[in-house]
Amino acid sequence: MPLVGIVMGSRSDAPAMQGAIDVLEELGVDYQVSVLSAHRTPEKVRQYALEARNRGMEVIIAGAGGAAHLAGVLASWTTLPIIGVPLAGSALQGVDALYSMVQMPTGVPVACVAIGGAKNAAYLAAAILSLKYDSVLKAYEAWRQNLAEGS
Amino acid sequence: MPLVGIVMGSRSDAPAMQGAIDVLEELGVDYQVSVLSAHRTPEKVRQYALEARNRGMEVIIAGAGGAAHLAGVLASWTTLPIIGVPLAGSALQGVDALYSMVQMPTGVPVACVAIGGAKNAAYLAAAILSLKYDSVLKAYEAWRQNLAEGS
Amino acid sequence: MPLVGIVMGSRSDAPAMQGAIDVLEELGVDYQVSVLSAHRTPEKVRQYALEARNRGMEVIIAGAGGAAHLAGVLASWTTLPIIGVPLAGSALQGVDALYSMVQMPTGVPVACVAIGGAKNAAYLAAAILSLKYDSVLKAYEAWRQNLAEGS
Amino acid sequence: MPLVGIVMGSRSDAPAMQGAIDVLEELGVDYQVSVLSAHRTPEKVRQYALEARNRGMEVIIAGAGGAAHLAGVLASWTTLPIIGVPLAGSALQGVDALYSMVQMPTGVPVACVAIGGAKNAAYLAAAILSLKYDSVLKAYEAWRQNLAEGS
Amino acid sequence: MPLVGIVMGSRSDAPAMQGAIDVLEELGVDYQVSVLSAHRTPEKVRQYALEARNRGMEVIIAGAGGAAHLAGVLASWTTLPIIGVPLAGSALQGVDALYSMVQMPTGVPVACVAIGGAKNAAYLAAAILSLKYDSVLKAYEAWRQNLAEGS
Amino acid sequence: MPLVGIVMGSRSDAPAMQGAIDVLEELGVDYQVSVLSAHRTPEKVRQYALEARNRGMEVIIAGAGGAAHLAGVLASWTTLPIIGVPLAGSALQGVDALYSMVQMPTGVPVACVAIGGAKNAAYLAAAILSLKYDSVLKAYEAWRQNLAEGS
Amino acid sequence: MPLVGIVMGSRSDAPAMQGAIDVLEELGVDYQVSVLSAHRTPEKVRQYALEARNRGMEVIIAGAGGAAHLAGVLASWTTLPIIGVPLAGSALQGVDALYSMVQMPTGVPVACVAIGGAKNAAYLAAAILSLKYDSVLKAYEAWRQNLAEGS
Amino acid sequence: MPLVGIVMGSRSDAPAMQGAIDVLEELGVDYQVSVLSAHRTPEKVRQYALEARNRGMEVIIAGAGGAAHLAGVLASWTTLPIIGVPLAGSALQGVDALYSMVQMPTGVPVACVAIGGAKNAAYLAAAILSLKYDSVLKAYEAWRQNLAEGS
């Protein structure tokens, strides 16, 4: 059962979200990738979010551009931690997606990372899972140690 | 049965949305006001939107601030024309709400008006209804005529 | 007699506005395309707008970039619903056109869509026309249904 | 016959435009003040601009806020130099008005001054008129001389 | 031993961060509040972060304004999840703090919430802790349930 | 003796300013082109501006990018009308140059045109010179007439 | 002979620049305060800058708002290090001043500090002078030590 | 012993920082280049900054992009003058780096130059060192003299 769900608003977002997959692979964290649009397929997003915790999912990473409602809509249907990745690509270069994801109203938070920050979304998921899973903690700390030595 | 639904994300948005009510009153257009949050009460928003056309509603005006998903979420559940009113109030002065409302993805449009433009949302609703209802056409054109003469 | 008028400020805007044509073709909505500049040919814009309702037009889609006055100037001469499409292309990447179109003063609304959102302007026109024309309602809802299933 | 026309989009802009009046009084330049809205009273703006040169006007100062089309619309109807004063007051603090005024398309220029820069609009008018009228040249240069000495 | 550390850059940030305290109190989550500046007291920040996981802390909430380095600097010294709260107050109204917190480089993520979003930082901490602590899960879900019913 | 001085901050700005030359050629207005930097050659800028009116110059067009001080510095040394052309090219895409040119303090105005608006700077110069020179008036009005017919 | 010159564009900038005075007093660094405008009194600014190094000045702090050319113009006339303090106050809240000061062209640098950062301009001056003057080094390091302990 | 330390956050920043090297070479100022990340290698940054003054370094130039904390973190560990070079490259085109570097809190200043202004960082270093080293003064003034004559 995957611990992390990676959701993107459109198939065309796949390259921008590949970094999240790469990082979770590298850290040995199970994940599932879905293409779901908050606007075009709202019922599928709702089902996905309502069932996620029961299915054993613990963190959802949502990448979207423009009026990027995906992370916020997921957050409206579940209490799992939602990590939002604002994607560039619109004329506004991702500032629209950033504001749409980060400025959530009180009570329904989204954990927003950088524009195009798919990799960091996965590292943040690892940081969250590291609280509970020793294997993730070890993998993430080893990676960070390498980072500190290698740079 | 009201032709226009006015929805706002929070009771605290009522003063900012009062202009829409005033204009619809002035033009003699029936309306209904609801407080519904895309994030806090997503199920209520979904029901509202799914039933709106069958209930005889023809235009929905949605006002929200911050990561203003309300108009977009309504648009995801119905094919009625949705008019979005981005509201100021956050640190970003409504630019966040503007971008969240106007930058909708292809296929699920929102008709966005100015930040704080509740009155114009109602005039736009009147312009839309004027195509079908002569009484609205007459009231709107009379008002515009006054505007041109009075200023 | 076309129900939708598509107006663009310059012949060079044609590629950016093609999406509106494609969508209206797909939905079977009659339209007419015109190149009219609010600044270079103000008299032609005025005549176009003053006659539009009598000619049977019901929605006008206006695309322009930079200090994009086209939608607002059309709105000043007619009470038909005007949909504005801010176009990128200037150094400001369409933010100038967005602000020029969306921040209209009280009484003269423009329904603004995303920067470069020509397709959504047409879908919004369809949503408006769907209130009155069953054929448009069916075509638009069928398209949205496909969207929800296909994504 | 006034050399300078001062036009504002709304009576509520009068305090913001008072500085232009004060400066022209101080420099002894004749002016006329009008309240004309590009959106609410487009026909009056058109008549004003079409007749301005024949009436002996040489410079028009236009102050407006929001989607500030006034200067651009005046410029579309006349070849006189138009000075635009973007006014703050909207949620966007005048950035909308600035972009709407300054980003004019090729062939129809507006001379834009600072947000809220009504005084400088008048000094710019004086600089323009100083090319032709010795009295304006003397008054403007004397004022600038004082400025340099007094600061 | 507190599960959540609340850190703020300056004593003057206390009112802006009070919401995080209120929410954690309401949800029954232990926390500790510290005033530590990434710039003025870097050694204290370093010690705090290096020891946090061993002290039993699981989430750190960091609020700061201006060139808000606090969350990023904490993240550089620990692999715990760091939640950043950009604070308004500077001339740039918190946009500077937002960009400084959200645009973190690959490998060292910060979970950014809205400008001034101290409450949501605490709700996000609860969502994270809900994966491991049933009491937090129950308290958070009960609160969200109330939210959905009450609004 | 040239009526219009075209000044640019760097030889690399020549392509961006070519439009001004083309327009003045087309309208038959004499001009002189100079490369002068407000920052690298301040003494040359000072001499140029101090002598300009006596040399018979009537309008100065100044193009610069980044912290574009050129127009403002010229305006500080002369009472001639200065037209500023903010140039893109920096990371900020000309917004820096726009703000540096348009936000001049009271008493020392610059007439700012669009980012990259070299052609409009020349048309604005023509509008100014049209007040005094019939040949410029005729050429400019003929061009505008063509514009209105041709578009 | 003062080591630091504090220059402001207008007497009304005095409160915003007081912090620089307070810090230099506290650190025991001699300074001189002048009101000089790059636009209104360009000759005085030129004289000031040309003579500054010979008069024994080593750092110049320049505070200005709007199209804040003061720091850049000083830098154009001298090779002394110039520290720019962008001041808020315009409709653009100091972003205009920031861009005008920080985006200087190659060869003529300005050391820019935060919007309204008059105190930090003085601390930066102290850091520069600390390289040469032991008394400044001791005073600045003692202050920073207090800062680290006190916060 | 190098007088100037050039630090960059990542090896990929080397092309963007090459200008600083070129200028220091040209002016005959000794320098040392290091790749150190405030986030990935915070301990190395700390050691670097704590030892810099004792090692004889007098100015540090720090280039970084995104949430560019490098300059500010260096400044938190030393009282040497730190010159920050915000680098473009992120979706926000360097505005994020600019705000992260320039908006430093009181007491810990960074001298910020233009986005991508590596050359000017070196010229600013030269201006600072010119106060103490005659050879730097002569080289810098000769270069500026050439600049003024050559442009």
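A, B, C, D, E, F, G and H label the chains in the order they appear, each numbered from 1.
Simple rule for what comes next: a contact is a pair of C-beta atoms (placed from the backbone, for glycine too) under 8 Å apart; a residue touches a chain by one contact, two chains touch by 3 or more.
Worth saying up front: this structure is predicted, and the values here are computed from it rather than measured.
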Task: Joint neighbours of subunit H and subunit A, given as chain labels - done: E
Task: Intersection of contact partners for subunit B and subunit D - done: C
Open item on the list: Taking touch as defined above, what minimum step count separates subunit D and subunit G?
Closed with: 1
TODO: Give the chain pair, either D-F or F-G, that is connected by more C-beta contacts.
DONE: D-F
Task: subunit D onto subunit E, rotation angle from CA fit, given as a multiple of 5 degrees - done: 180
TODO: Compare the contact pairs of A-H with each of B-C, F-G or B-D and report the one sharing over half of them by residue number.
DONE: B-D
Task: Geometric centre distance via CA averages, subunit B-subunit A, whole Å - done: 31
- [ ] Go ahead and note the Å separation of the Cα centroids belonging to subunit C and subunit H.
- [x] 50
Open item on the list: Distance between subunit B and subunit E based on Cα centroids, please, to the nearest Å.
Closed with: 35
- [ ] Going through subunit A residue by residue, note those that touch at least 2 other chains and give them in order.
- [x] 10, 37, 40, 42, 66-67, 90, 92-93, 95, 102-105, 107-108, 110, 114-115, 147
Open item on the list: Taking the top-of-page definition of touch, could you list the pairs of chains it picks out?
Closed with: A-B, A-C, A-E, A-H, B-C, B-D, B-E, C-D, C-F, D-F, D-G, E-G, E-H, F-G, F-H, G-H
TODO: Give every residue of subunit C touching subunit B within the complex, in rising order.
DONE: 19, 58-59, 79-83, 98, 102-115, 117, 119-121, 123-124, 127-132, 137, 140-141, 143-144, 147
TODO: Spell out the residues on subunit G that touch subunit D in their complex, using ranges where they run on.
DONE: 10, 35-37, 40-44, 66-67, 90-93
- [ ] Note which residues of subunit E are touching subunit B in the complex, please.
- [x] 88, 93-95, 114-116, 147-148, 151
TODO: Spell out the part of subunit C that touches subunit D in their complex, as residue ranges.
DONE: 9-10, 37-40, 42, 46, 66-67, 69, 72-73, 75-77, 90, 92, 95-96, 99-105, 107-108, 110
